[in-house]
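Below you'll find the structures, each written out as structure tokens.
One chain, subunit A, links the two complexes that follow: it is found with subunit B in the first and with subunit C in the second.
Coming up: the complex of A and B.
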């Protein structure tokens, strides 16, 4: 984008930002290890609209979890170094906050749910105590009141109050994830980060937990960043979706825009790789090759070596996000040619 | 019609584990047979006994009861030494290619190990040639021949697992969640590879997975398991177009579909979770979670598979 254009859009951007609970700009996070510098996040731009759910999709190593940890300023350091950028959460830059402010923010304003519920829970405390602990840490409540709140929270996630006195190992995987959700929501945060919350669960249990999360988010007017590799889960739960590749967003828009008017070749590749869209017997179309090593990223577009549409231009420079109609943005040089269409969109 | 050869037949396969609380019914009277060159998908949730079924029919676990007939031979009571010979015929591919590969062996050692173990080839040159050939077959670049598993990504590690299984020229391969640990784009690569190998070598697969979308793409027949029993078994297309057991219906409708803004079938949410497989009563095992459950279910014995349409079997009192 040229400088002039940038100025013009600044005013509009400020207006837009009010609707956003989270705005990540030009975030760069590297892990400086003995073997070399792992470029996990390389100029990430991402926004979450208020009271909406954004799905962050990508493969292992795309930088999804590092993004989540950055929002809480929890990137392990060393070796992690936040090289630049800003993360504005509810009007305040997380990266400028002091430790005290951060502590207040975590849990009160933002809560996080992790993939594996067993490792997230303390095995030697009853679940009631664990929920109450999180309440007492953030709110000025007596132990008794906090425990009452814990029971309330359990009821909210569909667990009988009497089970507040049970330990994590007495619960099944799906129930444990409900407990984790109860802990996350106990301090009534406005923003929830869920990192693969249902990946470790069976499909029928996943459906239950997703339904519960959707309901709680709606009823409590929360916003959510849902990290997942499963496009089915995105379609089920999210309003918006951002596709991440090698530490950058390559496509972002509403789920309708990204699913029904796919723009980026990588997103197209993800859809083509999914077996459940195919009739039986048809060959799957995998994306050739593998994600580049984040220690040795290619010069230009990181996806170019795997991209069926790549041209010489793709190896020259990293493509910036460009508008693709509505709230839809794509980072791909192919659209320098105004007539470019993905195969997926070619026939109708 | 070409002559159909049944390569594997399993009758009343049963595996119980003794636990302090009682008998754990991991696999409880499973029956099926597979034609040569076909794929049977076994689907179910954690704890339904699908992996135990796979392991028991390869006799990696001793069956408690039942019969396993492989290629015309009853192998149920084969001793270890007899089974050793059978291992060249039946192989297994595991879910996690990292924990199933010895980290201290190079790719060359890993792939040549089964060849040496079964003394299929003797000279070093022949073994090396065969190893490189196997690497070509599974799409591993020859330059990796001296690398170790930790240097490779999940997709390539799974290719090693496949090469090891193929090394002994088996007829049957039990694939236990072979792509569950992989990213979707890599998943598709491995699934295509397995399918191509089946076409080229006439392999028979038992494909164990929790992911219905994967088996749909892959299987000729699908068996759905719940608490150690098969509750529905039918040709793949039939089970997806006409799921009959209430559990199969719920399982199918629980898959999140990656489609936005278009008509989707209504969700059928299951209540509760799978019950404990210890000391099961002689009753329908799905009853407590079933929304179609009627009085007759509570008063009857555990339903057995019955044929409701050609080749379509269901174990349910009320299914028609």
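Coming up: the complex of A and C.
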């Protein structure tokens, strides 16, 4: 333990960076439309540890998908503009890459699973061809070999090889999502971005797909950024959690820390709006109000207008992330008062 | 040995179920489309082999006033025209002109329309403005007028007729392509293709254009038909294929003055135009159904 303390130098920090597959620093992404500037991401800091899964949680419109697209440098432009910050993936800054390097990186090092399997597959290509396509591109295999790989991938996600010749409309939603996963994993990327991979699936299939993803990630030593608004999914799959609100991270830590020692009022609000198995019949407490219009964000903390603990300080300045024990960080002015506790933690 | 056999078998199976083959299979189930296709295949054979069946100097372009304006008989099943030429021979031989003009103008229009339309749809902005405004201008002039002017400028020949007709085809192909590219461009599978690292040109060629193809293919068959009609109209007006070429529209124009006394001079070329266009439309309808992947079972 004392040894570890001694090593708290820049070398240790570098060591820690090496331990991260993804490091996003001060990312700012705006959408400049005719109606005004939509501030989608406003100084986002996020890290994903190697061979770990980070859950990115937040409401619709918090900027989760924009974060994912930024990692691939695929923010639709115009109107999207990456204003600043860096996204270091495996030691290289994605935002500095040339188009050729980006094309090499996409699919090969980082793959993305999209939200809706109904629309993420090309209706006029067989699923086998679609899996083979990226293999042919990145690994220079012949069409035949790539197709063999496609069949292997299908088998891996639990679909019979013979179905490689079928078209997407011949599959059910859950199976299509398996195909999408097979496409994403076909080139054996190190890092997987899953954008709400189970949102469009029904509950029984959700569990299957999540188990499959968990298993494949573990077997292939991959890291994953799992975007979701479902805290149940996070609890099941993720090692770490980052809670996002209005384009910023408001709380980040291991799943255990965030779930059992919740610090941010917004995270508390998320938990309060979930049904509790232990105290059945208890009334749900939704977070009042709506997320602020990203075109007109408040000057201070974006959550202040909805926050039951908000003070004058919250309207003055944007809170920075501060340590809250271990790897746990929270961005909230309330902790200026050392005795502050959330209601959730008050008697626990 | 066994291994390679298995591999080739797999490959055959893979190829055997390609989209084109499946479309073909379903096209064969549509009776109207089959009739249309058989008619078009026969017409095509006829057009290609016209010179083997008929001799231009002694059968197509000759004058034998002694047998002029004869009604249909065993010797001349479609009768003879005002110069004593066999109408059947001229109608059959004329199929090549109609096909060359119809297909040629559509292919030319398709190439121009597909390229400009997909660029306009994919990139939008300035390209879109340029292509679509040019289209609007061409669209605001009646097709026949435009064609008449172009043929007058280039001189009456089959090539200038093809060019004239291809312009109006190009505008409709550009519009259809642009509209479908714009909807396909924002589909999630295109985004996902980008996320897989595919370069833009590959995405346009492999993901966007194939998804736009069905309306375009249908439009191709229908346009061939309408261009054959336009070509005949132009010939009828005297600005199309010059006489004595046995083009159907030219034949109609020649026979017009005898329509009360010797109607066969007009009926048979007219019938040929009608049947060809009908066959093409039947094919177009059949293709539209066969190409829709959602109908697949």
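What we mean here is this: the second predicted complex is superposed on the first by the 330 of 348 C-alpha atoms of A that agree within 3 Å, B and C clash if a C-alpha of one lies under 4 Å from a C-alpha of the other, contacts with A are read in each partner's own complex, and residues count from 1 in each chain.
Here, contacts are C-beta pairs under 8 Å (C-beta built on N, C-alpha and C of every residue); 3 or more make two chains touch, one makes a residue touch a chain.
All values derive from a computational prediction rather than experimental measurement.
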item: Fit or clash - subunit C, subunit B, common subunit A; value: fit
item: Subunit C, subunit A and subunit B - angle at the middle CA centre, rounded to the nearest 10 degrees; value: 80
item: Contacts of A:124 with subunit B and subunit C, given as first, second, both or neither; value: second
item: Subunit B versus subunit C as contact partner of A:89, first or second or both or neither; value: neither
item: Partner contacting more residues of subunit A (subunit B vs subunit C); value: B
item: Partner chain in contact with A:270 - subunit B first, subunit C second, else both or neither; value: first
item: Overlay on shared chain A, then closest C-alpha pair between subunit B and subunit C (Å); value: 11
item: Contact set on subunit A toward subunit C in their complex; value: 72, 74, 102-108, 111-112, 114-116, 119-126, 128, 133-134, 137-138, 144, 147, 165, 167, 169-170, 180, 183
item: List of subunit A residues in touch with subunit B within their complex; value: 59-60, 172-175, 202-208, 210-211, 229-236, 255-256, 259-260, 269-278, 280-287, 290
item: Touch list for subunit B against partner subunit A, complex; value: 45-46, 153-155, 183-189, 191-192, 195, 210-214, 216-218, 236-237, 250-251, 253-261, 267, 269-270, 273-274
item: Complex contact set, residues of subunit C against subunit A; value: 7, 11, 13-14, 17, 19, 187-189, 191-199, 202, 206-207, 210-211, 213, 293-294, 296
